[in-house]
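In what comes next, subunit A is part of two complexes: it sits with subunit B in the first one and with subunit C in the second one.
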Partner chain A sequence: MSVIKCEKLTKSYGENKALHELSLTVEENKITGLIGRNGAGKTTLLKIIAGYLRKSSGNIEVFSEQPFNNLKVSSNMIFVDDQMNFPTALHLKELLYVAKDFYPNWDMDLAERLFDYFSFHPNERHHRLSKGMKSTFNMIVGLASRCPLTIFDEPTTGMDASVRKDFYRALLKDYIAFPRTIILSSHLLNEMEDILEDILLIRKGEKYLHMPISDVKAYAFGIRGESSAIKEWSSDKEILHQKQIGDGSSYIVVTNTSYKLAKSAKLEQFTISPVAAEDVCIYLTRNEKGDIDHVFNRG
Partner chain B sequence: MILHGDGTKPIYIQIAEWLETQILSESIKSDEKIYSQYQLADMFTINPATAAKGLNILANDSILYKKRGLGMFVASNAKTLIVSKRKSQTLKQLVADLVQEANRLDVGEEELIEMIKAESNRNKGEPE
Partner chain C sequence: MYLTEVNTLQIIRKQYQFKLKAYVGAFTSLLVMQVTAILFSLGGTGGMSSSDGYLYISGTQYNGSIVIAFTMLWAFISSILITTKAYRNDDFTFVTNRFTSHVSNIYFLLAASIFGGITAMLSGYLLKLIAYLFYNYDAILVTEHAISSILVGATSTIFYILLFSALGYVIGVLVQLSKLFIILIPAFVIGNLFLQAGERVSPLVDFNKVVHFYISESSILLFMVKVSVTILVLFSLSIFITNRMEVK
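Let's look at the complex of A and B:
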């Protein structure tokens, strides 16, 4: 069963199209990683799914209903980001008890255990917490609410490395015990890729890739060898990334299909290596203007 | 075991290989139940679907068999299957790499064989 269904979903801010004819389906009880560069439209997409923003055109269904201003969607969904607003008059512990009334599946025991583990003080207030502590508290609410659709928009902002690790492990453990549909957006694919099932890559408001994470790793191959030989070999292939190493040799990244095509050709002269999923995403989403070195190339 | 997340080997293949090693060392014996996808997911902090993929590799190779509603079990001839699979694939590839590196360094066949013998003896704890 699919929980989210978009067809040609478009969102414009004035002349600017944040999302452009995005079509996708997210299946029930999967952990999906939403990846994209700054400004690719990740947060806009998530907020439309959550029903916080109205679409401009196209179609979107969450739990088979239009999410905007929808009670069924909002009662089955939680949207966690670093701008969550909580009543400033209440202490942290009181916030947990308020959340309990909001979310029917709320697990108070889990919330309190996490609360103690991360050494929160019951009488602290949310708006006085540090950035990392705020994210940590929001994460506790996101996990303990056990919503059928749980959305984390860059949940690890400001968290230190060990809290991040704890977060991903806590998320995974609770997901194993209580499977639900989870969407995680982050810039740091590397640290969360192990717990993902699917990956959704968007670029300039359009869907670029949506596949199991294990397939992303097989999506591209790195090939290293003598420059002229590489150049000749790759002339008819799609090159995702190219780099000179020293004088005589080059490193290129090609897609799996080009690799398969070329398997019959002589590859012994080259060194072939797999490419990490994060690097694949970087190559796929880089802009046409060339990389950072290009900026410094005034010659 | 710590998984290598650097992208050199897909996680599900690392899981399959780890399970194979567990079976070879008889940590899990024939006709015993192997870890479930959820146990593996918890042990290695990976998605259960990834763990299932690793288990399925072994099931496809008949190293594991399924019992409806009970999970997966180690086949009686699992060790033999793993040994022959690793010999024909892993070991063969390692030898190919070894020979390639020897050629690059102009190490002759005899010298290479001597090196292998020396290493083998060293592992047995005998003097070279």
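Let's look at the complex of A and C:
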């Protein structure tokens, strides 16, 4: 069963299209990583799925229903981001009890154990917490609510490295015990790639890639060797990225398909290395204007 | 993981219970408003004096009228406050849609208005008690009310407070729809007051007539009908105009 189904989903703000004819399907009980550059439309997509924003055109179904203003979707979904609002009048502990009241699958035991582990004080108030502590508290609410659709939009904002690690581990453990559909959006792909099953890469409001993480890891190869030889070898290949290295050699990244095609050729003279999923995503979503070096190369 | 089936009434009830806890600040401000109003009332809420050259009589009246007026103002402001983004987004952190969010707000305002109305009514008695205990009057006349007239008084107080609350709510919702209303609404009210004060041009809305429509009603039942219909229209309008609004 698919939990989310979009067909030609478009969201525009005036002339500007935040999402452009996006079609995708997210299957039940999978952890999907939503990856994209700043402004690619990640948050807009997630907020439409959550029913906060209205689509401009196309079609979207969550649990086979239109999500906007939908009570069923709201009851079965939690949206966690760093701007999560909680009433200022209530203490942290009271907030957990409020959440328990709203979410039928809420696990108070888990919430309290995480609460103690991250040393929250029951009488603290959410708006007085530091940025990282806020994110940590939001994460506890997101995990303990055990919603069939759990959306984390950049959940690790402000968290320190060890809390981030704890978060991913807690998420994975709880997911294994209670499988559910989880969407994680983040810039830090390399630290969460171990827990993801699928990657959804969007670029300028359009879907660019949606595949299992293992396929992304094998999507491209890095090849390094003497510049002229590299140039000759790669003339008919799809190059994702290239870089000059000081000693007259070059490093290029080619897609797996072009690599396979050329396997027979004289590859022995080159050094071949795998490319991390994060780098693949960076190469695939890079600017057409070239990289940051171009800004500084005026000559 | 199984899907939860939803029951709109149940969600509204949960939201309402949540708001009674989360909006406790509204009750604190009610307390502050009413204490302030009581202080203002200590000098008497009305009075008379007369003299024929030999005999001089002066009287001071104590009742809850200033407290009731302050409570109306409180209801108006609190209603605007709970339509603001921060409060609205609190709802959307948990389970809601726009309809349940509004309906639970309305229930909350109803409860708050009843509470505010009753305390405002009672403060009139508190003032009389203060006058009795701390002031040296030669004579004290207490108007005794039959239970039925106390009930009529309390009911109409509550309905007036609710009326201001509904008015505040719809204004708050309009401002959420477009910030232009922050300018438009006061401009309309003040401009209309000027037109009303002058005599050449007739005002767009005759405020006197509007006020007269409610306060001149001598039958409590008809008054309740008039106010209820107004409140119902104002709240329905609020729900209707924001049902398609995007949040967060």
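Simple rule for what comes next: the second predicted complex is superposed on the first by the 298 of 299 C-alpha atoms of A that agree within 3 Å, B and C clash if a C-alpha of one lies under 4 Å from a C-alpha of the other, contacts with A are read in each partner's own complex, and residues count from 1 in each chain.
Rule of thumb we're sticking to: a residue touches a chain if its C-beta (ideal position, glycine included) is under 8 Å from a C-beta of that chain, and two chains touch if they have at least 3 such contacts.
Keep in mind it's a predicted model, so treat the numbers as computed, not measured.
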item: Subunit B versus subunit C as contact partner of A:63, first or second or both or neither; value: second
item: When both partners are placed on the shared chain, which of subunit B and subunit C touches more of subunit A; value: C
item: First, second, both or neither for A:99, with subunit B first and subunit C second; value: second
item: Contacts of A:205 with subunit B and subunit C, given as first, second, both or neither; value: neither
item: First (subunit B), second (subunit C), both or neither touched by A:214; value: first
item: First (subunit B), second (subunit C), both or neither touched by A:195; value: first
item: Partner chain in contact with A:274 - subunit B first, subunit C second, else both or neither; value: first
item: Touched partner set for A:84, first subunit B, second subunit C, both or neither; value: second
item: Intersection of the subunit A residues that touch subunit B with those that touch subunit C; value: none
item: Residues on subunit C engaged by subunit A in the complex (per definition of touch); value: 1-6, 8, 11, 14, 17-18, 21-25, 86-87, 89-90, 92-100, 243-244, 246-248
item: Subunit B-touching residues of subunit A, taken from the complex the two chains share; value: 30-31, 168-169, 172-173, 176, 190, 193-197, 212-214, 217-218, 273-279
item: Subunit A to subunit C touching residues, read off their complex; value: 29, 47, 51-54, 63, 69-72, 74-76, 83-90, 94, 98-99, 101-105, 146-148, 178-180
item: Complex contact set, residues of subunit B against subunit A; value: 3, 5-12, 38, 41-42, 44-50, 53
